[in-house]
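Structures given as structure tokens follow.
Next, two complexes with chain A in common: one pairs it with chain B, the other with chain C.
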Partner chain A sequence: MSGEVLAFYLLAALAAGSALGCVIATNIVRMAMCLLGTLGAVALLYFLLSANFLAVIQLVVYAGGTLILIVFGIMVTSRTYGEKLKPRTSEALIGTIVVLALFAGLVAILLRAPWTPVAPTEPSNSVAQIGQELLGTYLVPFELASVLLLAVMIGAAYLAQPAKKE
Partner chain B sequence: MGSILRKVALPIFLIGVAAIMGIAWAPALLCGTVDSMRDDLGTWYKWDLRGERPTLTVGNIRQYLEGSIEGQFAPAAHVRFGHSTAVAFAYVLWPLQFRITRDVLAVVGVVGFVSLFAMFAIWWERKVAARMQSRLGPMRVGGWHGWAQSLADGLKLLQKEDIFIEGADRPLFRMAAYVAFVPALGLFIALPFSAAWIARDLDVGLIFIFAMFGVGVLGVLIAGWASNNKWSMFGAMREACQMISYEIPLGFALLVPIMTVGTLRLTTIGDLQSGGFQTWLAFRNPFLLAAALLFFIAALASCKRAPFDLPEAESELVAGFHTEYSGFRWALFFFAEYAEMFAAGALAAILFFGAWHSPLPAAWGESWRHGPLWQQALHGVVFSGPLWLIGKGIFFVYVQMWLRWTLPRIRLDQVMYACVQVMLPLAMLVLLANTFWEWLVPSRSVLGMAANAVCTAVGAVAVLAIIGISIYGFVNRRRLVGTLVVKHLPGA
Partner chain C sequence: MLTVGLTQYLVLAAFLFCCGLFVMTTKRNAVGILIGVELVLNAACLNLVAFSRYRVGTIDGQIATLFIIVLAAAEAAVAIAIFVNYYRTLATIDVDKGDELRG
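Take a look at the complex of A and B:
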């Protein structure tokens, strides 16, 4: 087993294990920390695949941005320390069914997919290429995504405005 | 015993520093030697390697050192080794051709540098603070101005009990210190000390360091939460909202030099500034100078240094997020803070202030770079080398300390006001203006050269003013400090 394969399995195990921990944990901040494990492991997997830009953006956006916002939101809103989150039986049942269906679908697709290995090519200047593609070939989806984000921001600002006095 | 130790303390300190620098230089030199050997042997044996370097055996290296293989870099006749010396050297050089050995060396180097720097900086900060307040600061441990104070503190902290408070979230409480420390250490992976002194020359090095700054915040956040303490929690929340807000102007300020140089690779950014003082990015045009200032202020907030040190405001929050920590875990937070301070200073130097180059144009020293060993060493000191980057980094760390002991801490609403209503619009304005400048004004045009000249003049005046004020302060040191301090001034 080469070092690369070994690293892949270790990181994959870390990602999957943390994801499992995120589901099982009853404390919401611990869930967030498990999420950090998953996001970090996935970023490291990207590094292993030489997708440096993707890995770094994963760290900036998810680990450094979204996750901090989540934890911050929890801290601002949660009242009691050490509150335990336990799903109701019906919730757990529905969740299990959805997850099993999703898992079965994924496995079915994975088994059917034709895995043709692609010869690795040396990335010349991946950041510049990504930039060209995003602002050239895929300009419309890119701009649509930013319009969506703008809409979300306006919505958030609307929700956050103080109640008007009659 | 004590008095003898006191007399030899300073020489020991200086010899230690020189030895550390030598130890740091030697592996880089040896790695370079091995690489040139590998290049030579590939051509000598006419191996078909498709551009890759061959793996050497110990025998290859021995033959090479004895001079039985000729090549571009082969040792000249007068420096060839005898058989036994060559064998000994071959065993030293052989492991250095493998990537894993170099990685281990890099990791050891980074951890060593960060720990040594943090210890030095903590002692130095106490001395700076003391001098600004007309006190003495640490004076006893080690003799000369208490230089071993941090060493003694470190030993003390190692022995202390690792206290866990009742009701804390234990796993998170333990983890938080590492989550704060590991990213601070990890960003040194991509931080170049010079063009060749870098663990991994990532093509996205700049964003990687930016990401690591962001992830480090989680440690503080979790520490505050897991302590189950009102004050720790307030510290953590202040840190979070300050960090999320200041990341935006920080990012905009980073975009300005990226736009000018067109790359995220830090070694390339550094080497674009090798042509002397006027080619440093901060002096290219006025907007880059403004971006440098904005970057420094935002970085100050990210490192939670005064006037933005609200997360650990000791007059309001006991000690903020690390109130409940003790022993080595507490020390890890400080290591992380000082590592980040140095990284912020080094990043400012790389992006705006000539990276690892001296103010002299590198072209002047070109012949020294390929000369004998002593000329190469001199080139590293005079023209460009890790010493310059570390020096600039330490200078910016000093500026951070200087600001901390000069400015009062500002209130949280003032912090947010300064970010959202002042820094953010300014950063966007600078970014926009720089876009138009890069688009409309070529650097060879009259306007471009004039702007460059004016900015260089401003920078030169600032540098000269700092040097001049320092000399004035040193000359008048007896008048500027209190009577108690006068007795202990260096040279008194």
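Take a look at the complex of A and C:
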């Protein structure tokens, strides 16, 4: 068994196990930590897929930024005075059935899909390539993303400000 | 013999997607729902990168993933701001309590 195969299955087990932990955990902080496991495993899988730049960005922005934001959100909103927020039994039951059926269907289709085997392409120097694509072909979405980030910054600050005293 | 190819990545992404969907639909903590959304987005990103590596051979999938990461960060920021407001109004984070608009 080659190293790539071994690494893939280890990381896949980590990602899947953490995602399952997210499903099972009722404590919201544990859910956030399980999400960290999934995000890290997916970032390492990006390395396996030779998307190095993307893996680093995933670690920095997702695990370092978004997850911290989520943890702060939990910190601000978690004083619930003893009430436990467990999913209702009926909802959990129906959800399990639907999700299992969906997963079985997806796997059945994926295993039957006639992918003609294509030799994996090795992108050379993908960071430079990504930079050129971003400022060339994808210039308009790139600029739109920056406008979106500005709007989100203003909007989030406006939404989260304390209510004005009348 | 175990191998790694496109199908393995797609099955893993399908599993992550299903977990995220379950979390999104059953959790009652609003932040928990946000965590489910992040799981689903990660599954989509993994699909895009795997296709870009094994099928297309260009870098377009990675660019799309980059945009998804930006959008996910923006979405999380706005969602957390809304949750803070929600918590301040209702003194709980249970999404089932926010049903004032129910007819």
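In the analysis below, the second predicted complex is superposed on the first by the 121 of 166 C-alpha atoms of A that agree within 3 Å, B and C clash if a C-alpha of one lies under 4 Å from a C-alpha of the other, contacts with A are read in each partner's own complex, and residues count from 1 in each chain.
Here is the rule we use: a residue touches a chain if its C-beta (ideal position, glycine included) is under 8 Å from a C-beta of that chain, and two chains touch if they have at least 3 such contacts.
Only a predicted model underlies this, so the values are computations on that prediction, with no experimental measurement involved.
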| item | value |
| --- | --- |
| Which superposed partner A:4 touches (first chain B, second chain C, both, neither) | second |
| Chain B versus chain C as contact partner of A:69, first or second or both or neither | both |
| Chain B versus chain C as contact partner of A:102, first or second or both or neither | second |
| First (chain B), second (chain C), both or neither touched by A:59 | first |
| Partner chain in contact with A:155 - chain B first, chain C second, else both or neither | second |
| Touched chain A residues, chain B compared with chain C | C |
| Touching partner for A:126 - first (chain B), second (chain C), both, neither | both |
| Chain B versus chain C as contact partner of A:16, first or second or both or neither | second |
| Chain A residues contacted in one complex by chain B, in the other by chain C | 53, 57, 65, 69, 72, 76, 126 |
| Complex contacts: residues of chain A adjacent to chain C | 1, 4-5, 8-9, 12, 15-16, 19-20, 22-23, 28, 31-32, 35, 38-39, 42, 45-46, 48-51, 53-54, 57-58, 61-62, 65-66, 69-70, 72-74, 76-78, 80, 83, 85-88, 91-92, 95-96, 99-100, 102-103, 106-107, 110-111, 113, 115, 117-118, 120-121, 123, 126, 129-130, 133-134, 138, 141, 145, 148-149, 152-153, 155-157, 159-160, 162-163 |
| Touching residues (chain side chain B, partner chain A) in the complex | 167, 169, 171-172, 175, 179, 202-204, 207-208, 210-215, 217-218, 221-222, 225-226, 228, 233, 236-237, 240-241, 243-244, 247, 264 |
| Chain A residues touching chain B - in the complex, by the definition given at the top | 27, 29-30, 33, 36, 40, 52-53, 56-57, 59-60, 63-65, 67-69, 71-72, 75-76, 81-82, 125-127 |
| Residues of chain C touching chain A in the complex | 2-12, 14-23, 25-32, 34-36, 38-39, 42, 45-46, 49-50, 52-55, 57, 59-60, 62-63, 65-67, 69-74, 76-88, 92-94 |
